[in-house]
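What follows is a pair of complexes built around chain A, which joins chain B in one and chain C in the other.
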Partner chain A sequence: MMTKLKSWRPYLTVFRLRALMETQYRAAALGGLVTQVFFGLVYIFLYTTLYAGGSPDLLRDTITYVWLQQMFFRMMFSADGELGNLIMSGGIAYMLVRPVDQHRFWVARDVAGRLVGAMMRLIPMLAIQLILPKELRISLPDGALSFFQFAVSLMIGCVCLCELMSIIDAVTMKTLDKRGISAILNLTMMTFSGNVIPLTLFPDALQTIIRYQPFAQALDAPIRMYQHCATLPQWALTVAVQVGWIFILRAIGRSMWNRRLNDLIVQGG
Partner chain B sequence: MKYMIHAVKMLFKSAMQYRASLVMQVLAQFVMTAGEMLAVVVLLSRFKAVGHWGAGEIMFFFGVMQASFALTELFGRGITSFPWFVQRGEFDALILRPRPLLTQVLVSQLDPRRIGGVTVGVIAMLVAGSRLNITWTLTKALLLAEVVLGSMLLVLGLFLIEATMSFFSVKSIEMVNILTYGGRTACQYPVDIFPGVLRFLFTYLAPFAMCMHWPVSWVIGAPMLSLPTWAYFLTPLAGAAFFALMVRIWYMGVRQYRSTGT
Partner chain C sequence: MPFIEAHSLGKTYVRYAAPKNGGISRLWRREKQEIEALSDASFTIEQGELVGLIGPNGAGKSTTVKLLTGILTPTSGSCTVDGRTPWENRKEHVRHLGAVFGQRTQLWWDVPIRDSFLLLRDIYDIDNVTWQKRLDALVDALELEGFLNAPLRQLSLGQRMRAELCGSLLHAPKLLFLDEPTIGLDAVSKLKLRAFLKEENEKNGTTILLTTHDMEDMLALCSRVMVLGHGRLLYDGALDLLLKQYDTVHTLRVVYEQTPDMGTLPCNVKQDGDAFILTYEPAVTPTSELLPRVLSAGSVREMTLKEQNVDELIARMYKELAL
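Let's turn to the complex of A and B:
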């Protein structure tokens, strides 16, 4: 085992580099924007029909939920095939000679791509809200404190998500074939993170399980606080669950990465 | 035609060579589509109805959409992956062969994984059909078959738009997807639950309503329009017309084609 640098510098650097790289993909951002707005509107029209004659408050909450999901879509679903390419091409050998903690290095890189990618789509999506008719628009947060809770939880959620993704990457490293397993994982992710239908609409009896499972930590937990400002104990509980999952997922991810990297076969020459 | 059947047979044979891997991938597709069905079930369990449509009716529409779309992906893989074909310069080889060009593209690949999706669609239709107590007649069965064929041609036409774009821009353009996959998401529900703009878009421009919703609503005994029976046999032809139009445009693109070289 080689010595590892103790400082945070390499991780901050890879974070910055990946963030810069992401800002170069403007055409992709535009394409994603159009798709996300279209899907957002389709879902909103569907819920408007579903809630017809029902509670206007619940409808407004659901519309807000749908928009937040679409705005942070890029955070949830990143199409960064870099790791797979590195493994297939043998380029991973160069990655391994860096005297860094590979797992942390990769997670830092992933967080940067997701956060910056989401921010790039966020601003135009907010601008679009201004030209939409009032009944299709996102609502404002429940208050300044509620927005603060949302923002804090979103950052924690993004880290939690990347820890989760690193586990999936470790699985990919083993099988090399990404298609089958990643297709299923993508759908699991879309369903249990609230992208297909808001998690708040799942049966009431299942809500306790639904809101504390790992997929809900990234975006569902912050959205709930955006809509309804949490009391202090509630807030503490939410953050504790998020951070708790980070530790659990990190422990699993780390051990899997170490095992994978130890018996990794470098392809090609 | 003979050439087409032969080619498809060969593709199935080659897929069967990796039987274990194929079974896994079919299973994966099955689970994924079943997951989408679960989402619809969750919505229906909370809201009971979508507009004036009951749960059984919505499930039947879902089944028709999933089955038709998955069938299109199964046989239309050559067209959906056409942009890569052009990027790699492999399209040049096809131009030289003395066979119809589009037929060659169509039968160049097959996606047998989609059998999983087709199965879920058929199951949804069967379950919904028994809940709705449909009395099946030969006319209804024939119309349903025509609906699936018409919808497949429509979706294939939409995929062709993307294929045509790849002649002009080597990078695949994500935006073109919104009609295809957006149509798949939106039109698993009958169009009349959507407001004017979307209804117009999916009735006349990408005619999912004509190919699918109108005739299916008659089959399940809740017609959206009061048309005579024979008219329901005419509307799915919109899919064929749409496909024919897109084929024309695609061939116009072929004339513009410049190889990317190798």
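Let's turn to the complex of A and C:
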């Protein structure tokens, strides 16, 4: 047991270090805060106009969905270019002489950056809610249990997202440039994670597909429970889908990483 | 059994390139090229040696280092380092080696360097007491006190390189790879770094493999060099012997009181202002034969014997070996 715990030490340390590092980027957090509040309000005005005379419940749910999307924007669209830089500069050579599991190392690092980055924007954004007119505010969660379900699923969702991103990184190691894949990915992510239009607003016929695809696991799945407390079987199903995706994405990511690392020729070395 | 033993090690890369002719077809056609980065290299290195690896760009230095670190798998030959085959169990192998790649960094840009060292402690699974002791010793030797809590981005290049070295040596590796460790450093920093490396090698018996284009580094640190060119190991032996081999041309700078009557001196004569630059090969024309004739050509005001600069010697060697 002790040796098992000990073998996790480098990954916990990289997590802690990345989290500490994130807290230094206060100007970036402020910039993000302003952008996210602005976009949140734009979307909310849009939906308010759209739903004029419609169901007030649906409008309230949509406003909450939009706010949660904006609050966790930094988690979904992180801008840690470190791995890309290492690949471009050849600094990745150092990675190859380290006795650690590189895939796990980078996923741990990514989770830390995303979670802490999101927290730094989340807290002031919650404070801002207090000064907003009531009809523009985020609603409270559907009870304490609902909030607990949301929080747990969000953590799992973040890991799931980072596993997905590690696949993108593996592709970057092949193409040596992140721009092409990022352009494709950003659009896909924005659409299928619910950032452009809440996934709950997609047609009912598509809901089964849309809820269970990997992009929905990070933020859409937790938000649904924030809004409507899940029954135990529902909750179990949600978590099972999230964890299932983690395993699938990790298997793909790991095999791609191993292949890439094995035939990586360090640039300019 | 030698610490490092390489036996006819070879590595061929496959590279894809656009075909020479063909316009739009370049979009889907590509040509396969095989590049022999290293071929038939055999050498042994003993524990505690400090060996220099030189050669022009593209000679196979990096390939050799990557093979020894286990980053690359060779296409032919075999190699053991400390009894292990590097590429077979890379994770176990790299635990015992350290590396400094001169133009890259292993420390985190935005966090205090102490934190980067903490991460290295956990990566190499060093217990805290050993780590603290080692860190104190390295910080002392590399004069890093006062910088431990500064993030890397605030350090000067010299300080940064010392921090990188500290990071590479925290786990007390038996084998240290240094790739251009003094690149871009000022004279004082270079001297300090060399002194430190020499001490680390002598005191802790760390085997060091140094690749550099800085011949002063070589002279100061390495008694043995391996010269690589076109993927082949061309020379493996003492540095001074190598230099002597190419130190064949001597240069005399002579200034006369009046225009001298040189006549036919058995050497090359070039005029540079009021001085005459005489180059000759002592093996052909012994100095004892040349000097009296130079002195009798006129009344000599000053005369200096110019020593060959190491860079010039190496350049001549590369040229003669057609590198």
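As a convention for this text, the second predicted complex is superposed on the first by the 263 of 269 C-alpha atoms of A that agree within 3 Å, B and C clash if a C-alpha of one lies under 4 Å from a C-alpha of the other, contacts with A are read in each partner's own complex, and residues count from 1 in each chain.
As a working rule, a residue touches a chain if its C-beta (ideal position, glycine included) is under 8 Å from a C-beta of that chain, and two chains touch if they have at least 3 such contacts.
The structure presented is a predicted model; accordingly, all values stated were derived computationally and were not measured.
Once the two complexes are laid over each other on the shared chain, residue contacts for A:Tyr94 go to chain C alone; chain B is not touched. By the touch criterion stated above, A:Leu17 is placed in contact with chain C alone, chain B being left untouched.
Contact with chain B, but none with chain C, is seen for A:Ile197 once the two complexes are overlaid on the shared chain.
Contact with chain B, but none with chain C, is seen for A:Phe45 once the two complexes are overlaid on the shared chain.
Residue contacts after overlaying the shared chain place A:Gly31 against chain B, while chain C stays out of touching range. By the document's definition of touching, neither partner reaches A:Gly143: not chain B, not chain C.
The contact surfaces that chain B and chain C form on chain A in the two complexes do not overlap at any residue.
Chain contact summary for the complex, chain A toward chain C: residues 6, 9-10, 12-14, 17, 20-21, 24, 89-91, 93-94, 96-100, 262, 264-266, 269. Of all residues in chain A, only 27-28, 31-32, 34-35, 38-39, 41-42, 45-46, 49-52, 179-181, 183-184, 187-188, 191, 196-197, 201-203 touch chain B in the complex they form. Looking at the complex, you find that chain C touches chain A at residues 13, 62, 66, 69, 71-73, 90-92, 94-95, 97-99, 101, 103-106, 108, 110-111, 115-116, 118-119, 122-125, 179. Those residues of chain B whose C-beta lies close enough to touch chain A in the complex are 24-25, 28-29, 31-32, 35-36, 38-39, 42-43, 45-47, 50-51, 171, 173-175, 177-178, 182, 185-186, 189, 193-195, 198.
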